[in-house]
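Letters A, B, C and D name the chains as they come in the text, with residue numbers starting at 1 for each one.
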Amino acid sequence: MSTDHSASGTDALLRADNLVAGYLPGVNILNGCDLYANKGELVGIIGPNGAGKSTLLKAMFGLVKVYSGTVHLNSEEITGLRADQLVRQGIGFVPQNNNVFPSLTIEENLQMGAIQIPERFNERFDFVTTLFPTLKDRRKQRAGSLSGGERQMVAMSRALMMDPKVLLLDEPSAGLSPALQDEVFVRVREINRAGVTVVMVEQNARRCLQIVDRGYVLDQGKNAYTGTGKSLANDPKVIELYLGTLAKAK
Amino acid sequence: MQELKSTPKRDAALAALASVPSIPGIKKPDPIIIADNVVRRFGGLTAVDVEHVEIQRGTITALIGPNGAGKTTFFNLLTGFDKPNSGNWTFNGKALAGIAPHKVARLGMVRTFQLTKALFRLSVMDNMRLGAKNQVGEGILRALLPFSWRSQEERITQRATELLTRFKLDSKADDFAAALSGGQRKLLEMARALMVDPELVMLDEPMAGVNPALTQSLLGHIKDLREQGMTVLFVEHDMDMVRDISDWVIVMAQGKVVAEGPPDSVMSNPAVIDAYLGAHHDQPLDEQE
Amino acid sequence: MRRGLLALIALTLASIGWFAAPAAAETITIGGNMVDETGAAIADVEFNMTGPNDYNQTTQSDAAGNWSFEISEPGQYFVSINPDTLPSGVGLTEPDKITRSVVVFSLNNLPPPIKYLTGPGPERASTLDRALQLTIDGLILGITIGLAAVGLSLIFGTTGLTNFAHGELLTLGGLTTYFFNKMGLHVIPSALLALIVAMVLGGFIQDRYLWKPLRRRGTGLIAMLVVSIGLGLLARYVFLYIFDGNKEQFLQYAGQPGWQIGPLSITPKATIGMIIGIFLIALTIAWLLKSQLGKASRAVADNPALAAASGIDVEKVIRVVWIMGAFLAGYGGIMMGLNQGVQWIMGSDVLLLIFAAVTLGGSGTAYGAIVGSLIVGLFIQLSTLIIPTELKYVGALFVLIVILLVRPQGIMGRKERIG
Amino acid sequence: MDWVFILQQAISAGIGVNAIIFALAAIGLNMHFGYTGLLNFGQAGFLAVGAYTVAVLVVNFEVSIWLAFLAGVGASILLALLLGIPTLRLRADYLAIVTIATAEIIRQVARSVSLREYFGGSDGITGKFGADFFALNPFPNGLELAFLRYTPNDLWVVIVGWALVVIFVFLTYLMMRSPWGRVIKAIREDEEAVRSLGKNVYFYKMQSLILGGVVGSFAGFVYAISRQSVQPDNYSTALTFFAYAVLILGGAARVLGPVAGSIIFWFLLVFVEQVLRQAVANDLIPNWLMSPNQVGQVRFMLVGLGLMLLMIYRPQGIFGDRKELALDARA
């Protein structure tokens, strides 16, 4: 089942090798995680609570202390770079919570996303508003007054303003109603089809596996399984470990 | 899936709930908590809007729902840590709206927190001792007279030691709580809550961040609470755990109670599958476009 | 009788050698500095002094408010002020203390300066006129405080630091201007130089070599607060060390006569200073609202981690905020200096008022800080219609406490979302 | 350089009245800040209330000094209630702002001309209001040692003062080893957790504020009696900040921290001052660089610098345990 990491991902756009990371010294959340994403791929990370899904994403984005292991973008090492440098390199990141600037308007939020390329603001604004047309009409509204789903749209748009090569999404469906969750997944795939490589962490594993090209199942800070979305969704071991009851209930 | 063991308390709990239909907001034969029209808004967002919900005494009730469904906020409201915009609720028939959190705890309704609140620069043992109720030495004057509280302190210490042993933390008793691992802190918090002698234990995501090796023992401890006559209400994401230990499941989404019932029936309820899997969960997204 | 007794005491003390007998030729001066409640000099006030050997002299305060009498023998002297010579709109706060006694034991010891407290005097015109004048004074004070408060709240917003050394940035601006002024430069180029010093030393260097390393070490907010207390103390006494304790006036515009507009009196320097202050505040708001960096600073205040994840160089934003904060506070200090003179303690004297303004407005929002400052300034001045002038700061602090209790998030602040 | 003289001065400062006053003020702050986590920036207010109550009652109203002491304690309790009732429910930094503002209000009211009759304006109150206290002095001859000299009154103040320090240190020790102290320390770690265990956090914080404030008022008594006068400007925020410096130097949340801190603080302060003074007097430091009356200013600079360096490099104080401090996520 498990695909061979080193063989498949040598020319990957983004790859993480043997990451060991955590918030406190001596308490590692990741115990040697590998991940790669090829250009144009949509990659999902799922796993039980506390498995280190979000930590893996944050470690790749330099938000968690990486004790050992490396992260490469286009074969160039980016381990330990500052967030704004990573953004310059072409990585976009959307955190799970607090992912908009509440006291700024939608337009200003997007301007913050394009802060390194202000001259391309209009072009990028047109791009994200074709994905999320409602943002255009409401550009002067303060982001703090938006609902959860709207915030998520603003957050993703903000990250897309820099025209990133890779977009990292931390549980984009969290806290949304079922209808909105579906909408988010559809959007994520649209973004991906527009040419952006996406790596997403999801709690809604089933839905996630439906849209991704490849998925990783994490357990206790390590890769447990990887494979195509479909193969994982039907893998009895994955069902046992994570999809569990709900999968059976279906 | 491990076998569900039959115990007298579990059988009693199940028997009591057997005739209760799976309808959101349904009345229970012997409720310990009854909440009515509890509403909490944050700015424009309505985080909690619970019309009516009852928690059956002597059961383990799970509160599930997607992130942001208002489970933790509802916990905070019930225990007095947050104030609702409107609403009433009772615990053992006593109205609790507007009651300060420490009084709620003294009445026998004790909670833990999602992010553990171990008191870092206190020893594990002092964390435990802190939980004990009616301590003579906690009065400012008696504190100066060690002989007045020493014997009580010894009894408390003994009880704390028993609990720590049960939770396999006895070897850590003299360490600072900060030296514990995340999972051990969860255990400590639960053990500390038990020092208060609660009737109702409210656990906010007891399994989050816990090493799977510890999960089984934590589950055992929670079941044990019911065997000792306590009622347990807990928030959890892990469906296996919910299915394993709960007698009754309440599902929240967008602040409202959308479903409740025994675990098996709830998990096959389309509304719940909606909340967790998304609508049309059985259709691939491709077909929707 | 009393005079004789004092002379006897002086003689006795002198004879047992407690201090050297005065040399006959020596003279010393008794006098003071006549200022109004804002600290501005009052010229042409008449003073009379009587003393031993039928000493009886009259003098007037000069443009800087200074007045003095020369004496050549010890003894008890009586100084009295002529309240009729005070300009209209100014009165003595203690009308029963027109005459003061000064005892000079020895010509080796300069007697302390005599201070007449002034305020809106009892013989003032109408309450309405006073209220108008006080409103102007309140605006000037409010803008001075506001200049510092904007910087304080921007720094708090972006870094979380409650800066107890912010008052020293005002002092830095005021005293540096005085320094260049004293070196021979006109006050206007001195002020420009001082603003550069404030930006470089108070803004750039302070952040680069103190706060940035502390942020990188992950120093806690309370620890940083205590560090700022230490820094404030250090800076204050360095100022005292270099400039000594006197209140000094700039060499130009010190005794500038006021414009009389109906019942109102306002000096050109205060007017121009205020206009520039308003302009700078407006510029700051425009910067926050319109410029990329200004928006970025609001973004950092909202959520530093997300700001970094958006590609904002958070450290650069903080650096700019520090430099701006130091610049604005420095200008506030220059404005204070123009109106009331400069002194080593001038900034820390108003620090609590700055805090009051920021808290009133709602911590961390620049607009709130400005609104809070204007309220504090106006309240302080207008409250003297009812309470004694010397207690006006007490009133302001009291109102701060009351407002905190009623509306903890401040006037402009939003209730924070909990949970 | 007269090193003997310098050491003599420094040692007498280290065990002198100022060291007592600041040890007491810092013992109070230790209760507030060190153990309970309350950010009280108005300790000077508690000292002022204690000192002024005694001076005003004895001088203006001819109350017996013992009653005046009692009234001083009562006044400090009242002040703690006034500060605490509204603010202890709010965020921690509100207490800081309210306390610093209140202390300043107290000072400005005390020095106001309108109330001069009662508080003596900026000159304060001077008088022999300690007479009843000094009448009990069993040492009519004072102390004359090679190294130490005390007038009879000073000796009596120092002895009683250190006795007070010992008493309050012992009380702190007892309190902090009791279940009461456990609750207090737990509040410092996490209020909500303590609330969830059924403790009335507000009530305990109030008790802590009162206790620390009362100890502060005793510092005020010593201040007033030792100088036989009270002056409003002695009770400025600088006093509070010095007390913090003393506490942090000795180590917050250590029973003996404030005492050790105060002794070391005053020893060092006077040592440095005397060295500088002699250096200036002997022209080791040229006069254009430092004049005799600038020496006093240098010591304030050193306090400021010391406070910064301590907080940056040794926030746990001289005797604190860095490891324990590191456990505190907020520190």
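One rule holds for everything that comes next: a residue touches a chain if its C-beta (ideal position, glycine included) is under 8 Å from a C-beta of that chain, and two chains touch if they have at least 3 such contacts.
Quick caveat, the model's predicted, so the values are computed rather than measured.
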Smallest count of steps, each to a touching chain, taking chain A to chain D: 2
Taking each chain's C-alpha mean as its centre, the one farthest from chain C: B
Pair exhibiting more inter-chain C-beta contacts, A-C or A-B: A-B
Innermost chain, where centres are averages of C-alpha coordinates: D
Between chain C and chain B, distance of the C-alpha-averaged centres to the nearest whole Å: 57
Inter-chain centre distance, chain A versus chain C - centres from mean C-alpha coordinates, in Å: 53
Between chain A and chain B, centroid-to-centroid distance (C-alpha), Å: 32
Where chain C and chain D are represented by their mean Cα positions, the distance between them in whole Å: 28
Where chain B touches two or more other chains at once, by residue number: 43
Interface residues, chain D side, partner chain B - complex: 171, 174-175, 177-183, 185-186, 188-190, 192-201, 207, 211, 324, 327-329
Chain B to chain D touching residues, read off their complex: 79, 81, 100-103, 105-106, 110-113, 117-122, 126-127, 129-131, 133, 135-140, 142-144, 146, 149, 153, 176, 178, 189, 192-193, 195-196
Chain A-touching residues of chain C, taken from the complex the two chains share: 292, 295-296, 298-299, 301-303, 305-314
Complex contact set, residues of chain C against chain D: 93-94, 117, 162, 214, 217, 219-223, 226-227, 229-238, 240-241, 352, 355-356, 359, 388, 390-391, 393-394, 397-398, 400-401, 404-405, 408
List of chain A residues in touch with chain B within their complex: 27, 48-50, 144-145, 147-148, 171, 173-179, 181-182, 185-186, 189, 203-204, 206-207, 210-211, 219-220, 244-246, 249-250
